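Order as written gives the chain letters A, B, C and D; numbering starts at 1 within each chain.
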């Protein structure tokens, strides 16, 4: 199966991180945050967790399909994961979610850096650092 | 329900177009292209149809969630829909798919134009026109 | 396109109802219930709305794929939609969701009745009516 | 986090198997079967692989949500995974897919056996064995 073995180790790892982040964000939101209530169901925070779960599923899906557009999807995924990690870090008992989001973001940023717009991505990263 | 009525008519329409494009691309690929074979199952074309279906689902999902990241997701969706429409237009009997992709792309481009990076999007559009 | 035209009007309608119910349940949960809080974010109710959204997406997906297993998926979908409609009916301001769930349930029950286990489904229906 | 730790090891394992089976079936269909052509894109076989991927995503999703309906979804998932494993076993070079489907089916059957309709499931199993 020459085609299948061509799937890079890095992409296989990124698919796993996306599915793990989806699992952790969705499960934590529905089985932990909902039970705790209070800040944990603040609409902005809660929606961000489900947005993160959704975009992780989409990134995994495009990589699994072998889509050339996966780099752009991974770029957006990393952006949402970073925001979700920051939102979770402000709450108690969300360490698992913070970690899953950060690992997924790193992996997606590495995929995005291989994309056709990698130069622009680096530029955006530079701009973000100087803000 | 003050919050719910705040969902714009334009976004409601875009959600519908994304779900219609998902339905048409996935259904046409699996129930029409697979049966016809030949050029209709050429890997690049066929995968693009399923990528398009997947990204349409993701765009609809982020809009349905009320995510502030929907503009970026719609921008990518429009890009893939345009590519899918072009790929379908080269084959026989794919008019439904071409139309669904083009309608979805237009609607997503309008959503993307409202986004935080609308200026850059216009710039990219301008760059594309001068190629 | 002989294959495509073979998709029945009833199935086309059921796909639309499933996608409409997914849209309404997910959107209402994330943009209405979360904002209202209180009973609207009671874990059992809120999770049921997202379960309903998820299973509606799955039922639509199997019908769109042309899967022979769609009747079983529709049977489960109808069951969850009925439960979600009942849960929503106990709360204020959830009429849209109740209606979307009931329409989807009816449509899915009609699909399920065409399935290989239609006899059993009718039996279950009969049992339910005599409760 | 008392609620989160209540997720059983068995369910965690089943979620992983469902996501692994989704990944393998979708990736193999789109990146291996499409490239090989011939029997590998025979519509019945190819659609079954994508149906299997779809229902695995749905089963994982309901378990991740903590839905009480996951047993019914897992029962259907196991049924489709068994059919997909059998279809893949008739073709060359599909060992990975056969294994992923069989592992997922076993895990889903164990979840289904815990469900409210476990007695019926055992009955169906018994009926199948005597065919």
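Convention: contacts are C-beta pairs under 8 Å (C-beta built on N, C-alpha and C of every residue); 3 or more make two chains touch, one makes a residue touch a chain.
All figures in this text were calculated on a predicted structure; none of them were measured in a lab.
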Original post:
Between chain pairs B-C and A-C, which one is joined by a greater number of C-beta pairs in contact?
Top reply: B-C
Original post:
Farthest chain from chain A, comparing Cα centres?
Top reply: C
Original post:
How many Å are there between the centre of chain B and the centre of chain C, using C-alpha atoms for each centre?
Top reply: 25
**OP:** Measure off the straight-line distance from the CA centroid of chain A to the CA centroid of chain C, and report it in whole Å.
**Re:** 29
Original post:
Which residues does chain A have that touch at least 2 chains other than itself?
Top reply: 30, 35, 47, 50, 57, 61, 65-66
Subject >> Contact set on chain A toward chain B in their complex >> reply: 47-48, 50-51, 54-55, 57-58, 61-62, 65-67, 69, 72-73, 76, 79-80
**OP:** Would you tell me which residues of chain B are touching chain C in their complex?
**Re:** 1, 3-4, 7, 15, 19, 22-23, 26-28, 30-32, 35, 57, 60-61, 64-66, 93
Subject >> chain B - residues contacting chain D, complex >> reply: 30, 34-35, 37, 41, 43, 46-47, 50
